[in-house]
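Handing you this structure, nothing more for now.
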Amino acid sequence: MAKIGVVTFPGSLDDHDALRAVRVAGAEAVPLWHGSDSLDGVDAVILPGGFSYGDYLRCGAIARFAPVMDEVIRGAEAGMPVLGICNGFQILCEAHLLPGALIRNDVRTFVCCDQKLTVESSATAWTSQLQAGQQIEIVLKNGEGGFVADADTLARLEGEGRVVFRYAGSNPNGSMNDIAGIANERGNVVGMMPHPEHNVDALTGPTLDGRPIFASVLDFLSTRV
Amino acid sequence: MVDTVQNAARTPDHAQPWSELGLTADEYDRIRVILGRRPTGAELAMYSVMWSEHCSYKSSKVHLRRFGEVPTTTPNGSELLAGIGENAGVVDIGQGYAVTFKVESHNHPSYVEPHQGAATGVGGIVRDILAMGARPIGVMDPLRFGPLHEPDTARVLPGIVSGVGSYGNCLGLPNIGGEVVFDRTYLGNPLVNALCVGVLRHEDLHVAKATGAGNQVIMYGAATGGDGIGGASILASETFDATKPSKRPAVQVGDPFMEKLLIECTLELFAARLVTGIQDFGAAGISCATSELAAAGDGGMHVELDRVPLRDPSLSPEEILMSESQERMMAVVEPGDVDAFMAICRKWDVLATVVGEVTEDDRLIIDWHGETVVDVDPKTVAHEGPVYERPYARPRWQDEVQSNGSGSLERPQTGDELAETLLQLVASPNLCDKSWITDQFDRYVRGNSVLAQPEDAGMLRIDEETGLGVALSTDCNGRFALLDPYAGAQLALAEAYRNVACSGAEPVAITDCLNFGSPEDPAIMWQFTQAIAGLVDGCQTLGTPVTGGNVSFYNQTGTTPILPTPVVGVMGVIEDVTRRTPVGFAVEGDAVYLLGE
Amino acid sequence: MARVVVDVMPKPEILDPQGKAVTGALGRLGFSGIAVRQGKRFELEVDGEVTPDRLADIERAASTLLANTVIETFDVRVEDDTEGTVDEAAPTALGGTDHPGHDIDHLDETR
Amino acid sequence: MARVVVDVMPKPEILDPQGKAVTGALGRLGFSGIAVRQGKRFELEVDGEVTPDRLADIERAASTLLANTVIETFDVRVEDDTEGTVDEAAPTALGGTDHPGHDIDHLDETR
């Protein structure tokens, strides 16, 4: 069975939800600790949502230096699937595994809502089970979710098809080009502000649209071996 | 120079600022009688905060006793595992699980500094729940503001909402409901009530008790700073100078990240069975934690106050005793467990320090650099404060208020007028959609929120295997309570009870937060007694025990009190959360019934 | 066009969770012996000249809007146009020149 | 004990929602003709002397931790001990004195 790790940083909040989503998808969920320098042999890693270190400085700025991140970076560079959700996305940007940065929402308040998204790319380790152009609805909750990057970076992301999700309907946080999620060049590292782990259980989530994201990585891992 | 016990005995005539600290002449005299000498500055600090209305319930105690008439057995036949008097009540919900929940006020601090006041209000109630041995799993926030268009509401509301939101969001506690009500009487005195609910296994129940001579007393969490000790700086300065503003801030700043670590650390300490007694730090800080722990136990306590880690090294012993710095806890630990305790604290980056130990005798002794500055019977500090039977009387204006019915109001005559009225109603801040506020709260975190905004009651799944869950609702209509405080309190109870019942859960227990004006006004005191009578009778009829609550007096602007606001929180149990009933029409073709008259 | 800088810092007696988190992180990264407090810096580009009236306005704005004087102190100062300022793109090292800021006021009010 | 100040500002080309909101609020309050950008100010109390090595360390800390150079610029400078600083409790008006900060370096790097 594929093993997917979820890192708990001090201040991680949605780590349990991410572990649950992994189990729902049918993989073995492995809790990983920020202070460890081992990934315990997992096949993929999720950096979950939350407020690591309170996010007082900049979201993800301190977590990026956690000992476990060296291994995550090494793994990501070697092609291991890595998904950063919300705070995890911020950490991936701070760690320069993904370009750009996430800044304070333009509305300047925390926003929690059921957000419509357009899938822009199914060519990543985390979105093969989705179709480009498909509309999904995923829980969004953040205070600093506005994606920014310089014009060149933005053009490159768009040109290379590395925008993975875009906000549909209204843009909740002022993200440039309505960007909700992006991938690295290789497509193994994806960062997204919305929380697919909250959309795997009909009882507690507004839709089940998060499931294909976790199913995608299992598919990716099984075809790779 | 510190004012030691010896010094106090030698200088009986030393003038002390008891009045500035809010004590009456009678209360100060009583302290002298209890001690057989004048109190030291540190003792005066302790007594004054612990005997304050907020901590001692001196005006409400005689009436709260009436809650004793309410059965302590829930409708499903189980006895409360902890009731009124503990940090929070604990209810058996079956399958070995118990739930603890409580609502508390943080009204005044939230007016002074809205964001931090509301944030630390959430932080405080969460620590109460944690101290029972429970994992906090959700919060709610009944709020009251002045009219929406008032400039001061524009100052207060965004800060309070962001404070509630940022603290709860950062702790990872889903916000599953609350209230937002606007009324002119709250303009200079908004209400911030915060409810937290937690879950534990029966065997994990913890109490605030220092037992076992030789056991170590450990303070852990944040270092102590000068927060919220306005009054104590009077004691610190040799001479009291009323013209000089206090350098000590009366506001506390919250650090939700620290609290998140404190929660995870504490739960791990519980799981490792390293804690024999525990208390959170709320109002009255170390004064409260040490005196309550010692008073509840079978021995005394010896504390070396100079061991307390400080954020501000200039603090005096009086100030340290009164500091309301947030995100701190006090645990009683067997000597052999101290190393293991410290190791878990280190894992979570939580500062922990042994500050004292449990002793054989029944004194609370506090030393400062080797000299004794406090030597008291802790019960006299924690439980034997003054009790007042304040006069109360139905005010003369009550008849007038009641007779001023809606009959004299103009009625819309035409369809257009009716449409106009309807538009006015749906646009009124009290009735309109609240998502502009609730969207700032995370309702999804932890993945167990079965019902949240905009539902009538919030519902949380407790156990994924069996689907066991709890539902909660808080309600109060202060206008009803003004018209008739007895019936108004019952209506609050009935509404919260109905909301929980409608969600599919069986209501089993209540908590309350009684927000009123000055108890020194007989009319207010009458409202208060009526509201309690209403709740007591209501709970007896419904068979729901009262697990605890909070009284907040002096909510007024000048002589204008707020509407009497007895907020009631009802908790219900549902065996299988998949059988919940959300609001709204679900399936086309379903029949619609009207129940009741 | 003139620039006025308003620095806003948490009062020393007030808990500064941000600064605490940064201090901790610096320690873990091996930068020891450094205690940090974190505040805000506002750069105001003012149309026209900064007259004393204008400055008084800005001070009022600072005390009501930019700083929360219950928990923060602030400092207002006018900066020279010529100064190499933080957000200018030129990476010139200004080592050795005097910082040309001008302290106008320094308040510690409690509302 | 020495003090080093690190100012961090959003790059001019980067959206600054806070600054924009403050600009708008100032306008509504009648303070017109003022454009605001909001950044951060870090006050570092350094044990001992700020040697060139120490300062180089701090600059490294600023570029890796305190600022995200993708979107922010920063400025590090040593301040005199004697200065009346923002977070000192004494409410003395320092009007007229020169701001004795000392610009050591001024960087605008992009990693």
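Chains here go by letter, A, B, C and D, matching the order in which they are written, and residues are numbered from 1 within each.
Just so we're on the same page, a residue touches a chain if its C-beta (ideal position, glycine included) is under 8 Å from a C-beta of that chain, and two chains touch if they have at least 3 such contacts.
Composition by chain, UniProt nomenclature: A = Phosphoribosylformylglycinamidine synthase subunit PurQ; C, D = Phosphoribosylformylglycinamidine synthase subunit PurS.
Just so it is clear, the structure is predicted and the values come from calculations on it, not from any experiment.
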{"item": "Where chain B and chain C overlap in contact partners, by chain label", "value": "A"}
{"item": "Where chain A and chain D are represented by their mean Cα positions, the distance between them in whole Å", "value": "32"}
{"item": "Separation of chain B from chain D, taking each centre as the mean of its C-alpha atoms, in whole Å", "value": "40"}
{"item": "Chain A and chain B, separation of their C-alpha mean positions in angstrom", "value": "37"}
{"item": "Residues within chain B bordering two or more other chains", "value": "247, 255-258, 349"}
{"item": "Junction residues of chain C - those touching two or more other chains", "value": "10-11, 13, 17, 21-22, 24-25, 29, 38"}
{"item": "Set of chain A residues in contact with two or more other chains", "value": "53-54, 56-57, 61-62, 65"}
{"item": "Pairs of chains found to touch, sorted by chain label", "value": "A-B, A-C, A-D, B-C, C-D"}
{"item": "Complex contacts: residues of chain A adjacent to chain B", "value": "10-11, 13-14, 16-17, 20, 49-51, 53-56, 109-113, 139, 141, 143, 195, 197-198, 201, 203-205"}
{"item": "Parts of chain C lying in touch with chain D, wherever the complex brings them together", "value": "7-13, 19, 22, 25-26, 29, 31, 33-48, 57-58, 61, 64-66, 73-75, 77, 84-109"}
{"item": "Parts of chain A lying in touch with chain C, wherever the complex brings them together", "value": "53-54, 56-57, 61-62, 65"}
{"item": "Touch list for chain D against partner chain A, complex", "value": "10, 13-15, 17-18, 20-21, 65-66, 68, 70-71, 111"}
{"item": "Chain A residues within the chain D interface of the complex", "value": "57-58, 61-62, 65, 93-94, 96, 99-101, 103-106, 108, 146, 148-150, 174, 176"}
